[in-house]
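Each in structure tokens, the structures are laid out below.
Both complexes below contain chain A, partnered by chain B and then by chain C.
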Partner chain A sequence: MATTSVLLPGEQIPPSDLPPTKKGTLTLGPNLRHLPPSTILTTTSGSLHTDPKKAALWIDAPHGRYQPSVGDLVVAQIHHGSTDTYHCALTPHTAYALLGQLAFEGANKKTRPKLESGDLVYARVKTASKWEDVEIECFNSSTGKADGLGPLKGGMVFNISPAFARRLMMGTDKEGRSKGGVVVLEEVGEKVKFEVAVGRNGRVWVDSGNVAATLVVGRLLMGCDEKGWSVEEQRREIETCLRPMF
Partner chain B sequence: MPPTLTLHPLHRADGSATHTTPLFTILAAANGPLEVSRRDELPEEAAIEVNVRPCSGVGGPRERWMEGVITSLLKSLVLVNMYPRTLVQVTLQVTKEPGMGGLKRAVKDVALLAGLGNAAFAALVDAGVALGGTMVVGLGVAREGEVVVEPGEKELLGCGSVHAVAWGMRGEMLMAESAGRFGVEEWEGVAGRLRGDAMGAIKNDEEDGDDVMDGEVGQKEPWLRQALGESVRDAGAWRETG
Partner chain C sequence: MPSEPAPSTNEREFILAALRENTRLDGRALDAYRPISLTFGNDYGTADVRLGKTRVLAKISCEVATPYPDRKFDGIFTITTELSPLASPAFEVGRQDTPELLLSRLLEKTIRRSGALDTESLCLVAGQKCFHLRATLHVLDADGNLVDASCLALIAALLHFRRPDIEVHGEDVTVFDPREREPVCLTIQHRPFCVSFSYYHAGEVMVQDATLLEEQCREGEVVVSMNRFGEVAQVAKYGGPPVDGLSVLGCMSAALERVKGFDKMVTEKLKEDEKRRDAGGLMAELSAENERPVEGGDRVML
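The block that comes next holds the complex of A and B.
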């Protein structure tokens, strides 16, 4: 992954920075637009990232509202239900996403989860388009399996920035180091047992059966997001937070 | 002295910015795309709502007029077709204004417009709203045949006319508001000077650092590019350390 200098909105990506392609097609990620025939412009300020293997390029913007895109995992809150769908909030003050009442693992008319307003679900974005409502689902529609999705019971939700949620979901590289530079979940997980669901919409759900431990995890994540701790600082904060618990 | 720009002072808003000049300090918050009320909904594009809050008291007709000017300025910049049937909301709060002894309200309002435009633009960039380009709103006064850009309170008090002009990155004029008595030559002098300054604020030092600048451009550092770049670098700092 190559990083270049910061671009301002409306600037053209220099042709020399475009990744090489075999098929002659490029994949444009977030915050880029294509003006035919061959101009690629930025739509916000950020740093350009390219993936030569996939011939993809995108702009990483530091802040901003979550925009749903197909395949994203989100933590959604049920707002209200209607005859065959639930209306769920992904981000505040935006139109509700639709979740089918039968879009759960093994659900049929008799055995479907009864969700109240305020309940949480971990879901995947099924369709996202600027012209119609966003649809989400809690199972893999090709296999019918839940794949870890479904209603979230107990626990607490913490708000983080969408960019930090992306870092949390980056996973680890071959040597087991976190690609996103966040070690909170792994390091706390060695001492305390807890479940976690990270939503790309800037929400993270934590449950450890005990309120104190849940709060420690949530507040460490929020602190790491707001204060931008490095890996060393994260380890130090984890140490100070966990000491009184043992 | 170039204006100072701080990005993301408010962490609950999608995007925010503080813009400080010798005259005004403005705090801007941008949110969007949001759900729009049925009355304001546009089927093909995003509606833009601008709220201007004065330093003290509640807004009146002058603030409504400024909201209108800033709305049409932002409409030419935001890619409204990317967010149909939504709302992009910008709130601009004046937090510091000069003690306006003997200053005409019309002059003050035009001077304020420049700050409002820059603050609103920076907040939209911070909010990640899709924009068609970059712009800078410059403020200049004409005073007995000479041009003063970035005027302080003293220059504003004795001026013949005051001009706020918004220039886009490709040299297009997006807004021009003036107050006072002036002729075409004076206006052209101020607008040309502000254009040079606007291009200087967003120029890329890395590309043409060694070039000899043509007098008016290039004396100042590109303050807008630096402020926006700093915010991006801060947010990407984890890549280097991690």
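The block that comes next holds the complex of A and C.
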């Protein structure tokens, strides 16, 4: 994966920037459009990323709202319940996503979790289509296991940008370095105990049992998102934030 | 009808628990404000106030109109507030809902009914002609504490505004163009500012300058308007559980400190703006001469 250039909407991807392919097929990611036979246009501004191994390319845009796609992990807020579903808000002022009342680990009619309006759940997007309501679920439907999904109790939710949420969830490479360039969670986790659930819809749930530690994690995440700290700056900020706690 | 989405139970409980420990989400003290910035536009009578992420733009305009028949010696002064979807999708165009009504009513009480603006000085010919002064507030971004930001913007804009100069001969009124005669300031008798307090835990915790999230979790609010001499224009408390009388008195003294700060800031910013506009006296302003480069690099006075 390598960053090559910044493009504006409607620009054509220069052939020199395309990743080499064996079979002659390319995989187009978000914010790109194919005009047959061989034109590739951008649909938004952002930096072009390519993955030579997968012959994939995509535009990484720091702006924009969250749009659900299948498999995304999200932090959803219950708005109201009906006979067999909960209506949940993924982002404010958009249509509600549906969460089945039995879509939890080990749930049946008698043991299903009772959720109230305003409660939070960590869920996976099951279906996302242009014409229907988005459906989410709190368990893996093939194994029936929760896989860490389910109701979120206590703690605090912080709002971050969807692009930063994606960076947080990129994981680490073989040498153990963060692919997204965010080390806040790992570095703070060495000193303070906390639980975290990152939602692709731009919401992070943090719970460490006490107010001060939860706030430190939340403030560091939001600061990193808004100010665009580099890894070095993040380490410096973490040190200054954690010093008064020990 | 769209409305602001309610915060989740987790957020509400966390904010209340944090306030018990005298902590706020953004690390401010309970009585601290977010960074305030006040800028003036190129036209007279535009003020832009930013309070953290909240942003309010005030614009003053005036025209000649007929005074109300029951107030022959007074000019007309109206305040309009515009909460548009630009600020938040929860606001609708053209609908006057509760927050907008409360905001405009508070501003009316603070500025109009306290006699901050001398409306008699806006009268031109008694019973026939007067200035109609219009103050329009545009909320550009809403992240809590709209009242304080709007009031600050309105007072700053009124102080910044210049109305056209006039000359009255009997019943003939001449209104001069700004190019003919320098426009004149309004007569402001005092400068009231609003300071709002949100309270939690039955009035035990009082918080100044609440953000939108803190406003959504509060039990009630107390809005105090006063000028820098401690003269109270109004105190408002809309519903919510009762508050101890002593803590309201505490609000008063805290508001006085805050208002003194606002007053000082507005004075300083107005002075800065005046300095920026000052071209260097009348002669420099009237000079039609262009700057000419002269050989050798120095300019010569002709």
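Everything below uses one rule, namely that the second predicted complex is superposed on the first by the 242 of 246 C-alpha atoms of A that agree within 3 Å, B and C clash if a C-alpha of one lies under 4 Å from a C-alpha of the other, contacts with A are read in each partner's own complex, and residues count from 1 in each chain.
The working rule: a residue touches a chain if its C-beta (ideal position, glycine included) is under 8 Å from a C-beta of that chain, and two chains touch if they have at least 3 such contacts.
Computed from a predicted model, the values in this text were never measured in an experiment.
Legend: residue contacts after superposition of the two complexes on their common chain; A:Gly10 is shown touching chain B, with no touch to chain C. The larger set of touched chain A residues comes from B, when the choice is between chain B and chain C. By the touch criterion defined above, A:His93 reaches both chain B and chain C.
In the superposition on chain A, contact of A:Ala212 is made with chain C only, not with chain B. In the superposition on chain A, no contact is made by A:Met245 with either chain B or chain C. Judged by the touch definition given at the top, the superposed model places A:Val70 against neither chain B nor chain C. The intersection of chain A residues touching chain B with those touching chain C, taken from the two complexes, comprises 93.
Residue ranges on chain A touching chain B, taken from their complex, read 3, 5-6, 8-11, 31, 33, 43-47, 60-65, 67, 93-95, 130-131, 163, 167, 178-181, 226, 228, 230-231. By the touch criterion stated above, chain A contacts chain C in their complex at residues 77, 89, 92-93, 116, 118-120, 152-157, 205, 211-212, 214-215, 218-219. Interface of chain B with chain A (complex): residues 8, 11, 14-15, 31-35, 79, 82-84, 86, 125-134, 169, 202, 206, 224-225, 228-229, 231-239, 241-242. Listed in rising order, the residues of chain C touching chain A in the complex are 2, 4-14, 17-18, 21, 23, 25-27, 89-90.
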